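Comments concern the structure below.
Per-chain residue numbering starts at 1, and chain names A, B and C are given in the order in which the chains are listed.
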Amino acid sequence: MRPEARSGPGQGDFALLGDSVTPLARASTINDTVMTLGALHGAGPSDTPVFSVLDHSQTTAGSHDPVRRALLVTLLAAYVTTLVSPALAAPSTDAALAAFLAASKLLTGRPTLESEQASRLFGALTADDPQFPEKVQALASLIDQRKIDPLRLQQVLDAERSELAALPRDIVTAWYVGVVGDDERARCITFETSLMNVIVSDRLKPPSYCYGVYGSWAQKPT
Amino acid sequence: MAQDLSADIVVIGSGVCGLLAAHRLVMQGASLLILEAGPRVDRGRIVAAYRNSAWKGNWMAPYPSMPWAPHPNYHPKDNGYLIQAGPYPYPAEYIRVVGGTIWHWAAHAWRVLPNDLKIKSLYGVGRDWPLSYEELEPYYYEAEVKMGVSGAPNTGSPRTKPFPMEPVAEPWAMRRFRERLAAGGYEVVSNTTARNSRTYDGRPACCGNNNCQPICPIGAQYDGGVAASAAEAAGAKIIPNAVVYRIEHDPQGRIVAVHYYDPNKTSYRVTGKTFILAANGIESPKLLLMSASDKYPKGLANGSDMVGRNLMDHPSSSLTFDAEEELWLGRGHQSPSSINTFRDGAFRSEYAAFRLDFTNISQVRSAAEDLIAAGVYGPELEKQLRYRSAHQVNVKDVLEVLPNPENRVVLSSQKDALGIPKPEVHYALDDYVHKGMAAAKVEYARIAELMGGTNLRYTPDGQYANNQHITGTMSMGNDPKDSVVDRFGRAHDHPNLFIAGTGVMPTAATVNSTLTGVALALRTAQHIHETS
Amino acid sequence: MKSILPLPIASGAIAIALASVNALPAFAAPPADADLIQRGQYLAAAGDCVACHTTPGGKALAGGLSLPTPVGAIVSTNITPSKTYGIGTYTLPQFADALRKGVRADGQRLYPAMPYTSYAQVSDDDVKALYAYFMNAVAPVDAPSPQTELSFPFNIRLSMAAWNLLFLDSKPFEPDPSKSAEWNRGAYLVRGLTHCSACHTPRNVLMAEKASRDLGGGEVGPWHAPNITSDANSGIGGWSERDLIDYMRDGRAVNKAQAAGPMAEAIDNSLHLLQDSDLRSIAVYLKAVPAVRNDEDARPAFGWGAAADDLSGIRGVPLPADPNQMSGPQLYDAYCATCHQSDGQGSDDGGLPSLFHNTALGRTNTNNLVMVLLDGIHRLPGASDILMPGFAHELSDQQIATLGAYLTQRYGNPSAAVTTAQVQDLRAGSASSFLIVATRVAMSAVAVLAILVAAFWMFRRRRQGAAQ
């Protein structure tokens, strides 16, 4: 199964609290998604941008409104709890992978992640660092306890000189760029299904893949 | 000593200049042996290696660097082959495989401007070439037909015959640059490139996969594989993994043989009547310097002491910004369009001329890496990545560097795995360059404004990217005291040694050097044919 | 057997009604009816005369194309109106006999590389139009084409008379009043000028077409000419008329098939030039041709496969040093995926075809797949697009076999197989693959051998009998 190209945040409807979709409706979507977590199949029922609730873009209308801000924080907390808690409660053998998936969903901003890809990335990250399973569980716990907005997470970890500070970047790089490992240890785990390519797949092919018949690139991207 | 090999003409190096000179000569009836230090490579495997590469921004990564024929590589770390003596870094890249560095290029196949060949006379800087544009023109055309070149008609290089094909369809983003910049008086035109807009010479038309570098997956772009196949089909013999380490001369100074190592360091001697050194602007002078003898203590062809000197390339600054509208760079070919109006003028007596070039390389990976490096996670990452992928654009200059004898290639004291000295580069950039860069920066700002640009990110002043257009190190000239080869590429000191490649160009001009190197090599081949 | 040999050879006796009307010598260049000439040109395109009678890059219809056959090279003749080297002195009856009976003006027999068994169906009116075109609108080329020089016994053209007696049905086409006008037009074209059966009908041991399996699929040198009967699985029963028309006109039916090899040539030289109404008639007729079912065809050739990839097994895995050890997914990644995409779905605009739901990978006979991998798809040779590059120079027999097997397993008919030995054989045949159409027909000469041997045996027996 491949993640499908999604419409949504990137196409400009990110000003969630200003649009017609109510937070409540989104919250129910969150719950639907969370229900699939334990099974690790990541097949969320919807590709709607549930993570929109976490939006902190400067361009987002209303994100500095105190009431809306409070609502956001509440939603975030609820979301993180529903996402991470079941993962932490999973049997120990699966717990690390579940924690990885939960943390990955938060960090990548993607409500559904492909399970085989998750396993391969988890395996590669663990091969690089045998402590990765424990660390990722610790990271998931930390996020769960402190309800840290993913946009501020790196800042917080860096400021606290956390031992986990390298983890988010490694995880997001794995998912988005498809690369695990630093410098000479770096290896390509995915390319076509790397999230950076998936989220623009309605407009761009990964380099080295054709667009279509000769000259099709002369058209306005739509 | 394993066996003796011989041919009428022995070519050292299987890059595009050596291959096309060889191809021409073998068609004219000579026997040709081409010695290549590196291995054969295969297009499909390079494509697969690229997709599997962890360093997709490093276009050298898919190409194998063999222990016996290492090539420079800087990512994830400098492999230490090209020794940097400074003061300015010169991280040149080239590929030591059958077909050479033209396996990965942007297919830019420009002619110089007539004035580029006489900047000393016209502007009092640099040096004049020992030949005129008119003398070179027929060979330019021959190279264009061979390589399948197209381009805009109005870039200042006169031509007697039209391009062999139409330019490749203009990507949407480039169209918008052209349309919006026209309001500011800029003329954005199609680059002159060796990329098929139709079936040409048995190769298909471009399919827009945005992977010209590091490898065109379908061979729509002229490259080293195409050149090597054509030369071999015509009857030239290529010996891969043959690392030439010495050129041997007789007491009169004629070249009698070259010696090469195979990967096991078994030595072979290859004799011939005529020799063409075509191993690029760094490896060729290295080999000449390595071949020093009692008679030629400074190295072969080096009576002028100019071998390895006057190293030039094209440094680039750039501006990255977010265009007002969605442009989605990455659809179509990588390097489609440019502005050519700053390539010549009276200002050249004061500062460097340049060409402005617009990239169409997908911004997705670089934007993702930038955002992740900045700790942008969660939904904001996806949102900002889509925004940048749609809006982020880049304009750069390709700027002329003047010849300076102190910029040079010498033999390092460090040795490679076969015990052959590594090349060492000395490189500095002067105010002529910096002032040209400042002039380009003014244009960048205007361009960004016309594109409704925001989030302007200039490269730091004084820190320039390199373009791998290695020129000048075996400069041609009429005076044996200040040049290495004559106007036909013949070494002043050795009547049967010719040098083919961009290294013989006396100045660098403002355009990618490949087509000029090839045209000069074809002219050299014609001269060899006429005189031998 | 006895009756075979005494067959009258120069059988110019058949009267053709129009002979006296329009037997114009070429040099006269009469003010021929422009419409007639134009119709003749159209019919010549339908008959695909240039396919065999023009060399690549050579002058139109000047002959000289060498058609490699099992019995030797048969060289096509100059059919321009050159009086010295072409057919400029032919009268209309002579022209008609050559076309429909395989008899030259000098009475000699043509080899059935010339599809006169099909052209026998052509109407008198159409023969007249063709004659007008050849004599008036084709530029004469006053240059000889090389002679066909077969070794004994194939050099005895007389032998073709025997073959004709067995296999030439010289009755012209007769419309079936119970069928529609479109069907009848289609039948006339398919059975006659477009000579579809020459390739698409299997041959018997004497290399004549098997009427019982008309259009049920044949072999054309290394290529397979598929079953084009109305059978839903084995034939084109599942194709719409629109699909068939698109395919014949453009060489492509979206989400079904692309033409390659000899069929691509037939389209470029012939079918592409036909009016849509004629293409529709052909489609109507083909969809009504009695179904011929091959039992192994469990579903239509275009009915297999789905989008899928094997990326997780190859990303981050170094390529084996030995190219022959590359896996199917690795070969697909290296040589195919750029255009057909990582999951085989082709390009979004449909311009680069998907590999699933594609007849190329749906047939149990994989010869065409191998041939396309080796030679690619070239349309309008020398002029237009390489639709797909060939990989004969890049890939070894083993690599092609690995790749071909992967493609059928992953995107096509999983019971189809590709072997290294098959690739080796087809590669050997692929060098001369242009105009294998004619090669296929020319193999009929094998039958001649059989007949001659029999005749010779009888002759000897008779002499022995006489001697006794």
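Here is the rule we use: a residue touches a chain if its C-beta (ideal position, glycine included) is under 8 Å from a C-beta of that chain, and two chains touch if they have at least 3 such contacts.
No experiment lies behind these values; they were computed from the predicted model shown.
Nearest to the common centre of all protein CA atoms is the CA centroid of chain B. In terms of the distance between Cα centroids, subunit C is separated most widely from A.
Distance between subunit A and subunit B, defined via averaged C-alpha coordinates, is recorded as 42 Å.
Centroids of subunit A and subunit C (each the mean of its C-alpha atoms) stand 57 Å apart. One finds 49 Å separating the Cα centroids of subunit B and subunit C. Counting partners per residue, subunit B has 47, 51-52, 198, 205, 207, 209, 211, 217-218 as the residues that reach two or more other chains. Subunit A has residues 187-188, 191-192, 205, 208-212, 214, 216 in contact with two or more other chains.
With touch defined as above, residues shared between interfaces to two or more other chains in subunit C number as follows: 315-316, 338-339, 352, 385. Those residues of subunit B that touch subunit A in the shared complex are 47, 50-56, 76-77, 169-172, 175, 197-198, 205-211, 215, 217-218, 326, 328, 330-332, 361-362, 364-365, 367-369, 372-373, 375-387, 389-390.
Those residues of subunit B that touch subunit C in the shared complex are 42-45, 47-49, 51-52, 198-199, 202-205, 207, 209, 211, 217-219, 229. Of all the residues in subunit A, the ones that touch subunit C in their complex are 2, 116-117, 120, 124, 178, 187-193, 205, 208-214, 216. For subunit C in complex with subunit A, the residues that touch the partner chain are 309, 311-312, 315-316, 337-339, 341-343, 347-352, 385.
Residues 9-11, 14, 49, 51-52, 54-57, 106-110, 149-151, 153-155, 158, 168-169, 172-173, 176-177, 179, 181-184, 186-188, 191-192, 195-197, 199-200, 203-205, 207-212, 214-221 of subunit A are the ones that touch subunit B when the two sit in their complex.
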